[in-house]
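Order of writing sets the labels: A, B, C and D. Residues in every chain begin at 1.
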């Protein structure tokens, strides 16, 4: 079943070749991604949220002599991200009707391949398989930015790939070293094995190698400069998926691999990464405050939001972890919305420069309301989705120490500063001749936003069902790290049951 | 006996220097001839009469003659200072000298002892070795020569030039 | 009880959605759903006011955030304090709604205005009804959002949208502190629910001394942001950019009092840590005086009223700081009425002069606008604290409490501020309503506001007079006994000194008020010492006050300026140069080394030969060194 | 007749030949020096045969053949050079800086 969910988009690319006309291809792909979303919802049926191990597991021979197997499985964490991926891909496809004019078929094929790559990353339980999907996902994104991007797209795409490749190099070496020490690529087997997988000195090193690859993806402070360029040049759908899903792979990597396999090192390096998170929050906020380009501003705001997520998960507290995992979904929705808005404006005015987008409040009232709500969810206004995640993260940070929470709270203030400044510059000013007569949101575009708003309000008002996803994984990670630290030598791994569907 | 060696060695050196410094092509070729001849006699002196004669016939006889014919055909004139005494020339001298010294050091380091019984220079054992153990190299060399001949002809053929 | 509370809360929300999302049919008639919604909410609040018993009613609708042991319910906590606050909020809101029908008539954003106003009433009620600090925070920020939307209502005016943004951000700074307060509470008590926290504090008060100090301080930081106390008051004067009914409702009667309500609600926490209470009181006192001084010289009617609000809020914080929670709430209750009245009257003046607010251009409006003038006069008298009216009872009680509990310094500041209050209020009245009209053109067009605006003015005027009688007799008054259940006994905090409060005290405060009026009378009506002359002689002091102590400039320069500069430096320095620099740098160096080698194969034949010779040398040298042995 | 003397001489000749190849601009003299170097090698090999290695002499024959082939090609190149640029100078054939 899981393999079907992952490879369906790939299969659905075939018919595109035979279709004629931009609109037909568009509607076909939208239907395809919608079917994919429904299929992924099917995974929820009979999913036991309290069960510690992986579900919908599929195990098949792949490279026996390397001890690598085609091993897929899903727990609360990966399922929430899979649903986010399929949902955002559907929304992104729906939004790219007249945004893409040239090479339309190739565009939709790339989009679907990208979706397969991403889903694979979240479901893979075999390190080598994970790495394969990790690289597969890279190529379509490169094409998306490189071909359908804007002026400096080659530079941006190239920088994006080089950055990630640098990270993957470390990732691959670490995986191989791990393979040599543990004798297998299989994650579940490693988790079940009691005792530290790797001698203590090496654990720190491996942790850092994995951490570097994922830090680049998140992106954490020093490795973030590829994000603004990639976002500015990427087409709307590319940006939405890049921000909504790709950034979460970094965090997912931390949770799935770093915390599970190297608990002691995770505990040891936690303050460092929390500090990087804080720096990311404040640095991202300051950067976006001085931006003139709308998409670059939103990109830097992603750096700030993910700084929060990193701060949350490294607290190893229930609230921090669950808050962080929920915030990943929230960030996907709110920043995805912001990018959709930016793309919509770009379609109308062919510019991202806020100075020329001034005063659209008068001409596009409906759009202003939608854009306003998405902006407020990004600011973290209580009652909307952003607040719940941020509140829990800061609560977790406070449990570690007041200082962390104090700095984190600064981020809350700065978020209001740069987002409101942007909103005032773009919407809440007197319209200029350029922005006087703009076409307001079309029904299709309204549906795109409506889809996001439904979840933004739902998570804000009644977040319980969404928090359930993160309950079991965060409990496990917490015990894993606490156990490892307490035992210092032999961390007691809780027994793992593997349930055949 | 030993005087002969020094005599011919000296002659060879003069020839080499002549080739090095001489600018007139014909005189240069003649210096070379001198060098070849002296080396030929040195071979004989070293107990390898067959080699000596082959050397004289082939090198002195054929190669130098070929050079002279070439010079005559192309009517090459003397080029006044074709010696490049710029930085590159200087470096060349330096490194040639360095090479000589390095090889000397290598030599001193791994001296070559004189053999108790001098090896027979006569053609008979030489031929035997050539056609028994080293037959394949012999054949390869012959192919090489063939290729060289064809190459030279192709090279010089008058093609309808651009 | 649950039904009444939910009805009161959700009716305005429904009104807001009706107007906001499906408002097209209502276009001109948008005010009807809004007014009806708030009306329902008001009736429900009055019903609750009547029915609230001794024990607080705690009702949970559903669990909002269930994470491990951090379980936050969405529920109500209804006791007499809540009832009073709901009563005040809904009544003033209803009157402002009715008033707005006239005031906002013909404004293109008519529908949007009423939607925001309803949303505000919903948020304020959520804040008052919440039964835990997290939900209180939700209402807290939602109210901030509504004030942002309403201040920047005419967003085409840059100053308005700037003021809205400034309000939201300054509020957010306070809210950040509030958040830390909530975390401290949760860390120490394991829950954010009022009943559990209060019960644990009541059972063993001295156990949590350290944590309580931190929590109360952080919560107070939030209150400073929301109730515009020093140093986070700068947003309130700018908030006057919004429509006047908004200023009346949000920036006089309801939102700004949220801070006072929060302190009153957590009176058990604050009374455990008297030193924090004293800090609260001194901040309140300082702000009161500080704001009053600025109000004295300001020429804009609404700005004067704004500073007066800050000053009166200072009074309320003095009261709750020193443990007199009931007195604080009582002043909040009376202040809501007469300050609302003053703002609405100012609105009516503005309406008549088509937006002109500068007092120097007015004069002699009494004859042309009798209703507005009379109601304004009643409001001013109430605010200055003259006996029969509401202000006297509530403000005097605070002053008496300060004196009785031995805080003579705070008492002196309070009395001085009372003098200044009377002075600037009557300066405003004499400049606007009496004397000769200074601008003929404005004076010609003057007309009295329509009944739909003057009727609410008279209702509020009646309230400003009558509201105070409820509190006659301090401890044994109707108001105090009513709030007893919620705010606990009056003498919770035993202060060291307990001086008898003689009649002299009351005489002093009334005398001070009359003195203020007299001063204003002579200065601005009879022009005995001509104010302009005085201003020139005061020189530096006058300009300091005029320029509002340059506080805004200081903030912009230091806080905003430095942040912007660091941001720019960080962006160009770190982001572009350092990080991008290194990335592109590695690219460049690789290319550079490449070109060096490229030049090496220069195409110069004989240099190749030379390199071969050199290579041979190294080769042999290398053989020599390594080969050596055998 | 000890071989080191021979080796010394061959080294000297080889050095001179190498210097000559690099020093001279005229292709003809480069070829001449080249021939000289080949002979120096031959001499060294003969010295080896003095030291007891019969194959030494044998390889000299091989070297001789190779040298002959090499001269043939060398003269061929020289001829075509002169025909194209009617001057045997090597520097005419340098590739200009791109």
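Simple rule for what comes next: a residue touches a chain if its C-beta (ideal position, glycine included) is under 8 Å from a C-beta of that chain, and two chains touch if they have at least 3 such contacts.
Not measured: the values here are computed from a predicted model.
Simply put, of C-D and B-C, more C-beta pairs touch at B-C. In whole angstrom, the spacing between the mean C-alpha positions of subunit A and subunit B is 75.
Between subunit C and subunit D, the centres computed from C-alpha atoms are 98 Å apart.
Between subunit B and subunit C the centroid-to-centroid distance comes to 104 Å (mean Cα coordinates, whole Å). Centroid to centroid, with C-alpha atoms defining each point, subunit B and subunit D lie 6 Å apart.
Counting partner chains per residue, subunit B has residues 84, 88, 92, 96, 99, 103 touching two or more of them.
Multi-chain contact residues of subunit C, defined as those touching 2 or more other chains: 606, 609-610, 613. Residue positions of subunit A touching 2 or more other chains: none.
Viewed as a network of touching protein chains, the structure does not reduce to a path, ring, star or complete graph.
Chain pairs that touch, as defined above: A-C, B-C, B-D, C-D. Note for the complex: subunit C touches subunit A at residues 62-68, 70, 134, 137-138, 140-142, 145, 148, 152, 155-158, 161-162, 164-165, 168-169, 172-173, 175-177, 179-180, 183-184, 186-187, 563-564, 566-568, 570-571, 574-575, 579-580, 583. Subunit D makes touch with subunit C in their complex at residues 18, 21-22, 25, 90-91, 93-97. Across the complex, subunit B meets subunit D through its residues 1-2, 5, 9, 12-13, 15-17, 19-20, 22-23, 25, 28-29, 32, 35-36, 39, 42-43, 45-48, 50-51, 54-55, 58-59, 62-63, 66-67, 70-71, 73-74, 76, 79, 82-85, 88-89, 92-93, 96-97, 99-100, 103-104, 107, 111-115, 118-119, 121, 125-126, 129-130, 134, 137, 141-142, 144-145, 147-149, 151-153, 155-156. Of all residues in subunit D, those touching subunit B in their complex are 1-9, 11-20, 22-26, 28-29, 31-33, 35-36, 39, 42-43, 46-55, 57-58, 60-62, 64-73, 75-80, 82, 87-89. Those residues of subunit B whose C-beta lies close enough to touch subunit C in the complex are 84, 88, 91-92, 95-96, 98-99, 102-103, 105-106, 109.
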